[in-house]
Amino acid sequence: MFLQLLANGLVTGAIYALAAVGVSLIYGILRLVHFAYGDVMTFGAYVGVLCNMTLGLDLALSVVLAMLATAALSVVLEPVLWMPLRRRRAGFMSLFLASIGLALVLRQAIFLAAGPQPRSFDVDPFKVHTLGSVRLSGAQAIAIVIAVVVIVLVGLMLGLTSIGRTMRAVSDDRALAAIAGVDTGRVVLLTWVVAGLLAALAGVLAALVQSSFDPNFGFALLLPVFAAVVLGGIGSAYGALAGGLVLGVATELSTWESLGGGVDPVYKPVVAFAVLILVLLLRPNGLLGRAQVA
Amino acid sequence: MSVLASGEFWAFVGVVAGIYTILALGLQVEFGFAGLLNFGHVAFMAIGAYTMAILVVKAGLSTWLAAPIAILAAAVAGVLLGVTTLRLRADYFAIVTIAFSEIVRYVATNEDGLTGGSQGTINLAKTGEAADYNVEWQRFEDWLQGILHVGSNDVAMLVLVWACALSATALVWLAIRTPWGRVLRAIREDEDAARSLGKNAFGYKLQALAIGSALAGVAGVFYAWQFAFFSPGDFAPLLTFFAWMIVILGGVGRAWAVPVGALVFGVLFAGTRFFDFVPFTWFDSAERAYLRLILIGLVIIGLVLFRPQGILGRREELVLE
Amino acid sequence: MSPALLEVRDVVRAFDGVRAVDGASLDVHEGSITSLIGPNGAGKSTLFDLVSGFRRADSGTIAFGGHRIDRLPAYRIAQQGLVRTFQTARALTRMTVLENVLLAAPAQPGEQLHRNVLRRAATRRREREVRARAHELLELVRLSRHAEEQAGTLSGGQRKLLDFARALMTAPRLVLLDEPMAGVSPALRGELLEQVVSMRDEHGVTVLLVEHDLEVVMGASDRVVVMSDGAVIAAGTPAQVQDDARVIDAYLGVAT
């Protein structure tokens, strides 16, 4: 049972980690706590399901299209919303509120376009992979493999490529980077693209694992993702990764009966929040975070 | 179209606007005056409403006793939240408050025995019986209606809620003009400067949270009275965002901006029901609900972009950074 | 020799392993103007933060008026009469100049919300006293005519004067001035210096200041304390310190 829960936790954690890296990049480089990110994930899942179910396309192709569409959405919003806000020297509060407005618009637009009824991808829900005492559904298996691969790729990009190093430099000190001649415009655009791709992927994978979803599901995911980002230390992409995995595993393991009866599975999100609050009480800057600089 | 002229409908809108005024007033105290990024404000409204309902239906208290206790419970919850989280940096605090409000909603949804579960307080009362708090309240409304010589219960409620909302606004306005208010405003702008002058910033912020949460509790109690039955879904984060919108719409940091913001918001929200022209005619009523919320979202974005000082604020005093 | 008003002993504070303050000790005597000087990075600002309670020392003791204050929160230390200013003047721009000064007054019953309802007479009386005193102080720093303006309209130098007025309003025993001359036009510096000296002479306030402007330091100070690399390397009268080889070394060492 423990191993099963651990496996489930790793799947959930991997999905959290994907989204958390996206959120963290946006915070680090754009200084924005992106409250609409969950709904961007929902958008990705819905485009995916549109391609897969309505247009009858192959699942892999649908996922790719979903990722492209979401990246496009993210990029379009930059000149439409975020740049005008930055030009008006919007601070943390204004950006946060704008993202709340955006979240509302996105989610209700999806409700409007697709209706409230739950949707599913075209996957066999009964296909099961067995690994020793652990059973994984087809969706879970896909999710964890893809998530791990993508996380490694993103990690490599940030660590090894010049653009990745540039992104990290901008994340550390934007003004300084601009003075040093870094093309912050290019970095910003790339950030939106990467964050959009990650959001769509996380959204689709989560939708697959959940098997059915409605327009609210992205937001429900967002809070544990925020918790993961804060847990790992806001602005640190590697921290977000660690935070996501830790939270995913902790949430699943909390339902283990050997832990004093275990937590009622219904309360799993509450466990995520409780973990967040507890960690922050002990380490106010998160697990891997640094103290806020100015 | 005849509904547009219906006084009943607008009285109802007025009541809701009044309840939102009280809720948003609490947020104004917390954010507009003390600078706290409380994004879980609706949780305290829920605590107020549920505490009263549970005390009346389960513990048999009179609603007139349960209500003050419920308001106190909301204030205490605010203090508890503050004591644990106020030392966090602003953005973490915001996220943690959202988490808190979701925890409250989860508990309300899943503790069927206590709260009636996801279907709400209709599960608390025995089938066929109205909830006791509502029965007592209806009796009071009837009495009030008679005294005021008004046509319906809703109008009586309207008068009562707004009397309460305006008194609360006046009290907050007076409070902010005292030396106490002066310290609060100083802390909002520069906490370190205030501390260097001997002010206990943490203590003042806790007080602001207590007052703000108490006001949210009052809104919750009125909500319970007005709607008789309610469920956890009524206290979703969306309501917190409505409160934020009202505060910004009216003007951050100005007590009297709250009723103004709430009225404009109420009219906006309800009025869109009646747009009988293209492009609204393309959508049926269920879809119009989504459209309304899209409109709210666009208004929030528009405010932030074009008029962050709100209706009554002044640019120089811009408090929304 | 009577005990110093402020006694700092072997205070240490490290950030990420680097010791910003490394066993610093100093005394500030009542009724004096003491200057704290040293090259950049010597730990002066950090020491100020530690003494005023804005940062916690890792080890060491700090005593004010004979009582340990190193474990107290900043606001309590201020209430005990040890007040500090900041390098960039922290005027509260969205409040009026007068309100800025009113804020600083100690023992205001009106600052407790319920006192505005329950003991209104006493609260009002105190508020009147406080207002009168605030006007006096504004007169002193020559900011009277700006009293009803938003503090945001003041120039940098004027904001520093406002800082002084606020500090004096708290009726302090010891004032820590963090680079009071920084960012102030030369024309205004003379006035600021006058105010600093008058704090000691007319208000009986002890002053500890961090300053780079050597004219101020040498001319106005009773004592000079020199820091380098987180520790105090010399202390004495301006004349004594000027000739101290270690001091010259410290400054020259950093310049190369």
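Worth pointing out:
Every chain is named by a letter (A, B and C) in the order it is written, and numbering of its residues begins at 1.
Convention: contacts are C-beta pairs under 8 Å (C-beta built on N, C-alpha and C of every residue); 3 or more make two chains touch, one makes a residue touch a chain.
Since this is a predicted model, take the numbers as computed values, not measurements.
Inter-chain contacts peak for the pair A-B.
Among the remaining chains, the Cα-based centre furthest from that of chain A is the centre of C.
Centroids built from CA atoms put chain C at 44 Å from chain B. Mean C-alpha position of chain A lies 48 Å from that of chain C. Between the CA-based centres of chain A and chain B the separation comes to 31 Å, rounded to the whole angstrom. Counting partners per residue, chain C has no residue that reaches two or more other chains.
Chain B meets chain C in the complex at residues 175, 178-180, 182-183, 185-186, 189-190, 192-201, 207, 316-317, 319. Those residues of chain A lying in contact with chain B across their complex are 33, 81, 84-85, 88, 90-94, 96-98, 100-105, 108-109, 111-112, 223, 226-227, 230, 234, 264, 266-267, 269-270, 273-274, 276-277, 280-281, 284-285, 292. Of all the residues in chain B, the ones that touch chain A in their complex are 37, 84-85, 87-92, 94-96, 98-100, 102-103, 106-107, 110, 238, 241, 244, 248, 283, 287, 290-291, 293-294, 296-301, 304-305, 308, 320-321. Residues of chain C that touch chain B in their complex: 52, 54, 73-76, 78-79, 83-86, 90, 92-95, 99, 102-104, 106, 108, 110-113, 116, 123, 127, 150, 152, 166, 170.
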